[in-house]
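Consider the two complexes below, in which chain A is the common component and chain B and chain C are the respective partners.
Moving on, here comes the complex of A and B:
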C-alpha cells in the first residue's frame, strides 16, 4: 500500500479510488461467474457422481501389465527428446533475440557513449524494438497453439512439438536473458571500457561471465517446464505421452490414464531432481 | 564454472556434465527426427511459409470479431474464477501442509504435544502434502479432460481444472511462505501470552498475505494462457474456437483468434502487474 499513496495526497480521493477498485473487481467477478457458467450443483448431480464413480472404478487398479509398460517406453523417450530438442531450439532463438533486446547492448549505456543519435536509432533502437516485438509474439501465443499450427504445417509427430516448444520458450528465454543482461552490475563494464576494451571485449569479458550462471540456471529451470509441456503437447498430435493420455481418455481406458499420469509424475520428478542438482552447482 | 574447476576433486564434473548434455542432445536429435538439412533446404520452410501466407489477411468480418470477443470474455472469466477457486483450494491445504503451524516450531515451544496428538497432526500434514502434490502434478489440460467427462462440456470444467491444478501449485508456494516468515514477531507475541491461534492470526498471516496475493496474481498470468487452450478438450473459451478454426481449415479466422489470445494475455499481464504494484 506504500507506493501509490503519494499520488493521492487527499485521503478522500485515495479512499474513493480504493472503493472504486474494489467495486470494479467485485463487478468483474460476478460477471465472470455468469460467463463461466459456474454451477456447483452440477458437481453433486447424480449423473456427475456416477461419472466420478465410473472414472475411479475404471482407473483402479492402474494398468501395469508388461505389454503396456513396454509400449510406453517409446512415448516416454519421445517426451524427453522433444523437451531437449525444444530447449536447444529455444536457446538458438532466444539467445540472439535476447541480445538484441538488451538495451544496454544495443543503444543505451556505456557501450554507446560515443555513438551519434542517428546511429543509435538506426543501429540500435530499430533492431531492439523488432526483437522485443518478436519475443513478445513468440511467448504470448501458448505452446499448444503453436504445436497445433505446426502440426498443420509440417505434419504429425515429434517434430512440430520441437518447433512449438522452441518458438514459445525461445520467446520466454529471450525476454529473461535480456533482463539478466540488463541487470548486470555496470561497474566492471565501465572499468573494462576505461582500460581501453572494445565493444566485443566488454561483452565477452564483462557481461558474459557475470550473466552466464543466471542464464544457465534459468534455462535449466525452463527445461523442467518444457518436460511438462512436451508431455501434454501430444494432445494436439505432437507425439509423446500426451498423445497416449488423450487416446486412453477418449477410449475411457482410465486404468491406462492412471499409469500414464504416474509415469509423468516420475518423469517430471526425475527431471526436476537432475536440473536442481546441476543448478545448485552452477549458481551455488 | 571457473570456480568448480578450481576444486581438484570436482575437476571431472564439468566435463562429465558437458558430455552428458551432448549425448542427450544427440539422442534427442535422432529421436525427434529433426532434420536440419531438410529444414534448411526449404521443404519444411516452404510448408511453413505456405501455411503462414494462408493466415493472412486476418478475418475481420463482424461475425468473426463477435465470436473472438465472446471467446476472449469467456477465457478471461475462466482464468479469473479459476484463479479465485485455486486460492480457495490452496489456502486451507497450505495451512495444514505447514509443519510450523501444525506441530513444531515456536507455536509448540511452550506446551509440547502429546504423542497421540502429534501423530494425528503428522498424518494431517502428510495427507495435505500429498494431495497438493497430486493436484499440481496432473497438468491442467488433463484435469480439464477429467472434468469434461464428469460435468460435461462448457467453461465450467475449465474453471474446475484451473482451480484444482493451480490450487496445488499455490498451496506449495503458500506453504513455503508460511514456513519462512520472520520468527521475531511471533516470539514477541508468544512472550505476551498470545495463544497459538493468536500467533497464527496476528503474527504469521499478516506477514504472509502480501506474498500470497503476489503469487496469486502471478498465477493468474499463467492461468490466462492455460484458459486460452483449455477449449482444445471442450472446456470453452478461445481454445474451443481455435480448435474449430484449425480443424476446419479456417486459417484467416484462426489468425483473428490468435490475435485475440495475444491481446488477452497482454491485457492480463498488464493488469496483474498494476495490481501487484498496488498490493505488495
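Moving on, here comes the complex of A and C:
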C-alpha cells in the first residue's frame, strides 16, 4: 500500500552481475599489484636504508631556535587563512551545485510525480546534469593542479591557494552534499510539498534541517583535509607552510622540515579539536 | 468537493493500486475509508492530496479537473488540502514551532520562510494551534523528543495553521494506543465540524470508523466495495471486505464477539452479537 517504494527481487541477472563484479575486482587487484611494482624488499635495500638514516639523523634534533620559530608565524597564519577562506569559497560553490545535483529535489521521485515530462527535463534534469558535470570536473582535477594553474593566473601567494581549494573542495563538497540530501527521508518532504510548499520551502524546512548534522560534519572533516592540502599546494608556490617545507627540503634542512611537520600536525590536531566542539553543538 | 470518475493508478512496476474508483464527496462531509492493507487506500489519499497523478479516470476538485493544474495553481490547490499521515512526517530535528508554522509554507515567500527559522514569525498563531490540540507547553521542544501521540498532535496543529478546506487523515491513529486513538479521532472530527471542513480518514479500526463517521467507504483490491451509512454496514459485508486477510479477519471476528480494544468509546455495532 505504501506505493512504489523499491522492491528489488534478487533475480538471476542481478546475481550474475555480482559475480562478474567480484571477478573484475580480483583481476584489477592482481594487475595493480604487478604494474604498481609493489615490492617490499626494496624498502630493506642498504642504499634505501642509508638514505632514510641520513634523513632521520639530519632531522634530529628539530630546529626550534627563536629566530626560526618567529619566522614561522607568518606561514602558519597563512596556512590557516588559506584553509578557512578556501573552505568558505568551497561551501559557496558546493552548496548551490550540490542542491542542483540532488535528483530527489530536481527531477526524480515523489516530489515530481505530477510534473510534466518537459518540465522535468528542462526544469530539473538539465540543471541537474550540468551541476553534476561541473562538480565532477572541479573535483577530479587535483587541488595541486588547480593551484598550479591559478599561480600562473594570479601570481604567487596565498590567493591562488584559496582559489584552488575553493574549486577542488567545492566539487567534493557538492558531490557529498547531494548524496547526503538524497539520503534524507522523503516522507516529511512529501508532507511539506502536499501542503503547498514550493521547492525553497521543502529545502529550508525539510531537507536542510534533516541533513545539517552530516553536512556540517563532512564540511569540518574537509577543513581538516584543507590544512594538509594547503601544505601540498605550497609546493607549487601557493604560499603557507607548504612553500616553506618545499624550500627546506630543497636545502636539505631536514631539522627545519621536522619542525614544520610537527607544526602541521599540531594545526591538524587543533582543527580536529575545534571541529569536534562545533560538531557536538550541531549534532547534539 | 471531490468528484472521482473511474480513477485508476498503475505504478511503474505494473502493480495496480486503484482499479476504477468512482466517488463523490460533498463539502463538509465526514467519510471513513476502511479495507484490508494493500487495498489502495493510501494511494487513493495520495491522489486526493494531489501528490500522485492518476493513470486513468478524472479527479475533480470543486468542478476543476486537477490534471489541468500546474505551477502556482497546483500549489494553491494543494494548500486547500491538509494531510495527516500515519508516521506524522514531521521534521524531527526542527523545533515544534517550526513544524507547526510549516503549515504556512504555501503562503510564505522564501525570505519569509528563512526569516521565520531565525525568529519564528507568528509564534502566537503556532501557540494557539498547539493549545487547540492540547499541548501548548511544547512550542519550543525538539520535535523528535516527543512521543508518537504528541507528534501526531503537532501534525494536526500544522494542518490547523495551513487552514485547509479538506483534511485527509491517512491512518492517523495506527501507531498510538487505543485511548489516544479515540481522542485523536474525536479531535479531528471536532476541528473539522467547527469550520465545516471536509474530513476523509483512512482507518484501520473498523469500530472507530463505524462509531465516529456517518459515511463508510469499503475499499478492496483498488475498488469501492461498498459506500454506506454505518448502520448499513453489516458483519457479513465486513467479512467479505477483509476475506483472506487473516489479521483483519480476526479483528472483525473479535468485534462480532463484542470485544473492542476501545471499550465503551465505541458504541455497540448493529448486527453484531453483543
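Basically, the second predicted complex is superposed on the first by the 230 of 284 C-alpha atoms of A that agree within 3 Å, B and C clash if a C-alpha of one lies under 4 Å from a C-alpha of the other, contacts with A are read in each partner's own complex, and residues count from 1 in each chain.
Methods note: a residue touches a chain if its C-beta (ideal position, glycine included) is under 8 Å from a C-beta of that chain, and two chains touch if they have at least 3 such contacts.
If you're wondering where the values come from, they're calculated on a predicted model, not measured in any experiment.
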Is A:196 touching anything from chain B or chain C once the two structures are fitted on A? First, second, both or neither. second
Partner with the higher number of touched chain A residues, chain C or chain B: B
First, second, both or neither for A:249, with chain B first and chain C second: first
Classify the contacts of A:82 with the two partner chains as first (chain B alone), second (chain C alone), both, or neither. first
Given the touch rule stated above, what does A:20 touch, chain B (first), chain C (second), both, or neither? neither
Touch check for A:60: first (chain B), second (chain C), both, or neither? neither
First (chain B), second (chain C), both or neither: which does A:69 touch? neither
Give me the intersection of chain A's contacts with chain B and its contacts with chain C, in residue numbers. 1, 3-4, 212
Per the contact definition, I'd like the list of chain B residues that touch chain A in the complex. 1, 4, 13, 17, 24-25, 27-29, 31-34, 44, 47-48, 50-52, 73-74, 76-78, 80-82, 84, 137-139, 141-142, 145-146, 149-152, 154-156, 158-160, 225-226, 228-229, 232-233, 236, 242-243, 246, 254, 258, 261-262, 265-266, 277-279
Across the complex, what residues on chain A touch chain C? 1-4, 7, 110, 113-116, 119, 187-188, 190-198, 200-201, 204-206, 209-210, 212-213
Mind pulling up the chain C residues that touch chain A in the complex? 11-13, 15, 17, 37-43, 46, 49-53, 70, 74-76, 78-79, 81-83, 85, 87, 89-94, 98, 102-103, 105-108, 110, 113-114, 117, 155, 158-159, 162, 164
Which chain A residues qualify as touching chain B in the complex? 1, 3-4, 21, 28-29, 31-39, 42-43, 45, 48, 51-52, 55, 77-78, 80-85, 88, 136-137, 140-142, 144-145, 148-150, 152-154, 157-159, 161-162, 212, 228, 231-232, 235-236, 239, 245-246, 249, 257, 261, 264-265, 268, 278, 281-282
